[in-house]
Amino acid sequence: MTASINPYLPILVAFVLALLVAGGATIASFLLGPKKPNPAKLDVYECGVPAVGTARQRLSVKFYLTAILFILFDIETVFLYLWAVLFGQLKWFGIIEVALFVATLVVGYIYVLRRGALNWD
Amino acid sequence: MEGSLGAVAQFLDTNIGLVASIGKIALALVIALQVAPIMVWVERRQAAFIQRRIGPNRVGLFGFRLFGLGQPLADTIKLLFKEDFIPQQANKFFYVLAPILPAVIGLVAIQGIPLGKEIIVAGHTIDLQPVNLNAGFLYLFAMSALGVYGVALAGWSSNNKYALLGGLRASAQMISYEIAMGLALLPMVFIYGTLDLQGMIAAQSDSLLFGFLPNWGIFLSPISFVLFVVTMFAETNRLPFDLAEGEAELVAGFLVEYGSMRWSLFFLGEYAMMFTLSALTTCVFLGGYEIPWLPHAQLVTLLTPIFTAEPATWVAAAIGLGVLIVKVAAFMFLFVQARFTLPRFRYDQLMRVGWVYMLPVALLNLVVMALIVGFLRLT
Amino acid sequence: MLTLPELGLYFSFLLFLVGLAGVMFRKNILFMMLSVEILLNAANLAFVCASKLTGTMDGQVVMFFVMAVAACEAAIGLALIIALYRTKASIEADDLKALRG
Amino acid sequence: MNLSLLSFIVMGITAVLLSGVMITRRWPVSAAMVLIAIMTLLAGMFGLLEAHFAAAAQIIVYAGAIMVVFVFVIMLLNLPPEELRYGGVTVGEMILIAVSVFVAVGLGTKVGQGFLTTGLESMGVAQGESVAGGHHMYFPASENVKNVAASMFVDYLWAFELISFLIMAAVIGAVVIAKKRSAEHADAA
């Protein structure tokens, strides 16, 4: 006889326990540590010299382009996992289908590369 | 007295699934919480060994030095008693939340690892994988996908330009290598025909490759293994991919405004994730908790005459857990060895390696493996 | 007593309503897009509930297509936000009157 | 009242409340983080509905990829909260809200559900009955991933292939739009 419960229940239990551990460590450190704040300690740390400018400025759009390429392949990977579990049943038909799917996405990938979207310099 | 014991036994018998589940979770949590302090000590000792120093060897327990094994404990206590401050400019809520996220995700993710095959307690068979979903190890991928936010939030909430840049870089790096990671494991899914880690381990131990090699994933698809190990380094922000925390250029990246216990929570999460991914590699490529050439069922048969039927499964499970930890420890050793022998990548090199080399290689590997498996199985 | 998928349909309605309110009341394009994500998620929940109600897999498959469409929508929409912010230094929907006759 | 029903209700109510919280945030980052929490809760609800692969994909694709793009854009543009303001409600919007509430309530009542079920019955799908679609592959109901895959690769083959074109077009479009004038705009890396 196999002991069975809802497979998602352990995740909930683990989440609560992990939250207790992490939150408990944070709170314990908050309670146990000394409190001697001073303006220099609370200031922005930039290797000891006074901070230059603010952190709220615009950054390179390349992070965005990386994320776009990531979306493209993330969805592809999820779809491909569906194919992979049925590899034996779909046979060559599935391989050809997926080859077409991947080939289309590789076109997009090559375009992004050729546009130099990933040249970090 | 007799009656209350009977009631307890009754409760245990009816709720065996729940009790066993909590036990498994507690076991995995204990392992995960031990990894960080012990690994910090191992890293410091090994760094010292490589750099011809002695390293921490003083702190002992009860008057015994024990190679400085008391050091992790002392470190934890020291971190607990450090001042815990929130920088003025920081966004308070997210500053506090950011370190908790990776720690929680790391501790939850480790639950997806099979710690052993199964044990039989009072007639109940208990699967030793705390979280066993139909989606299999995609659970681990999902957790590691969420790991991006802890880093990004830490960088943003610190309101420090080095931290923001470090956080964004770290998250961009993690997502870049996540793709190659997913693609590297795809061939293993269609080789074994399942997403379930227990099923994969069973498939690896039930027969021998060429009559003498264990039927491990590493021999079936070596390129996948290499790709996966490299992406594992990048995913956990470890050297040579740790430039998000590069001391020289970004002071310490997203960690710059963090101190005391919050700082160590990031490392708790990072080491738990390292353990999880190493264990995933072990399960997919190196036979998991199985001893090579000795499948679990055979081990139980060997042990049954010595112990009796049920305790034999317990001993076998304990041996299996030991084997798993030994295999994972080998990976952790590799992590440490790489940290002190390889130089750090530059950021443009890192992105180039991820997108221009790893991804096409992973795709090619996928296509080639699909064709090979197709010709072997489908014709 | 309601079963899980029926309850899920109700939650889906509620989520959709809140998302719709977000699209209508926020004048910032970024928030409008985030609210659209809520709308799509509500639709996904409805699809999965319908799949469970009917016992077929169609709902779940359609959910993946919704997901792919959502990804494309997010990619294009955010690219537009970046381009807008560059030219106008604002992402308020009311500031975009260039095409108004 | 069993445990999964209870947790489903709690998760659903939390998701709805959080979505209310989300649309009233001032900081875009807070809104995005709340949305990630909503998506994770929905993934849990999918799991309780026994759509295991949908649950995993919800976290991997939605919470782990689409929201990453949102968070990146928010952090790149570094929008301060003062730039956001609530708009007034116009008459047209009031009418829209009234209509949407009416439609939602209509669909939520027995009449709407009756319409849903009769529609399904006319298609030959009885409620609660396990039908594996028009294809010839059958897996036990516990093998959710395989069932979804079978439906996807047999019934929805064309949609699957077309999705790849859609994604490709979206990526190319996004790169064209976002990278347009990067030559003049020397952004700090």
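The first chain written gets the first letter, and so on, giving A, B, C and D; residue counts start at 1 in each chain.
We take it that a residue touches a chain if its C-beta (ideal position, glycine included) is under 8 Å from a C-beta of that chain, and two chains touch if they have at least 3 such contacts.
Small disclaimer: the values here were computed from a predicted structure and weren't measured.
K.L.:
In terms of C-beta pairs in contact, which of A-D and B-D ranks higher?
P.N.:
Taking the two pairs in turn, the one with more contacts turns out to be A-D.
K.L.:
So, comparing each chain's Cα centre against the centre of all protein Cα atoms, which one is closest?
P.N.:
Chain nearest the centroid of all protein C-alpha atoms: A.
K.L.:
Can you check how far apart subunit A and subunit D are, centre to centre, with Cα atoms defining each centre and the answer in Å?
P.N.:
18
K.L.:
So the centre of each chain is just the mean of its C-alpha atoms; given that, what is the distance between subunit B and subunit D in Å?
P.N.:
Taking the average C-alpha coordinate of subunit B and of subunit D, the gap between them is 30 Å.
K.L.:
So what's the Cα centroid distance for subunit C and subunit D, whole Å?
P.N.:
Whole-Å distance between the two chain centres: 7.
K.L.:
Taking the mean of the C-alpha atoms as each chain's centre, how many Å separate subunit A from subunit B?
P.N.:
16
K.L.:
Subunit D: which residues touch two or more other chains?
P.N.:
4, 47-48, 53, 57, 60-61, 64-66, 68-69, 72-73, 75-77, 145, 148, 150, 152, 163, 167, 170-171, 174-175, 178
K.L.:
Counting only residues that touch at least 2 other chains, which ones in subunit C make the list?
P.N.:
64, 67-68, 71, 74-75, 78-79, 82
K.L.:
Listing for subunit B: what residues touch at least two other chains?
P.N.:
Residues 133-134, 138, 164, 168, 172, 175, 178, 195 of subunit B touch two or more partner chains.
K.L.:
Looking only at which chains touch which, which shape fits best: line, ring, star, complete or other?
P.N.:
Looks like something else, not a line, ring, star or complete graph.
K.L.:
Once the touch criterion is applied, which pairs of chains come out as touching?
P.N.:
Those chain pairs satisfying the definition are A-B, A-C, A-D, B-D, C-D.
K.L.:
Could you list, by residue number, the parts of subunit C that touch subunit D in their complex?
P.N.:
Going through subunit C, the ones touching subunit D are 4-11, 13-22, 24-28, 30-31, 33-35, 37-38, 41, 44-45, 48-58, 60-65, 67-76, 78-83, 85-86, 90-92, 94.
K.L.:
Going by the contact rule at the top, pick out the subunit D residues touching subunit B in the complex.
P.N.:
27, 29-30, 33, 36, 40, 43, 47, 52-53, 55-57, 59-60, 63-65, 68, 71-72, 75-76, 142-145
K.L.:
Show which residues of subunit C lie in contact with subunit A when the two form their complex.
P.N.:
Residues of subunit C touching subunit A: 64, 67-68, 71, 74-75, 78-79, 82.
K.L.:
With touch defined as at the start, can you tell me which subunit A residues reach subunit B in the complex?
P.N.:
For this pair, the touching residues of subunit A are 1-5, 7-11, 13-15, 17-19, 21-23, 25-26, 28-30, 32-37, 39, 41-47, 51, 53-57, 59, 63, 66-67, 69-70, 73-74, 77, 80-81, 83-85, 87-88, 91-92, 95, 98-99, 102, 106, 109, 113, 118-121.
K.L.:
Give every residue of subunit D touching subunit A within the complex, in rising order.
P.N.:
Result: residues 3-4, 7, 44, 47-48, 53, 57, 60-61, 64-66, 68-69, 72-73, 75-78, 80, 137, 145-146, 148-150, 152-153, 157, 160-161, 163-165, 167-168, 170-172, 174-175, 178-179, 182, 187-189 of subunit D touch subunit A.
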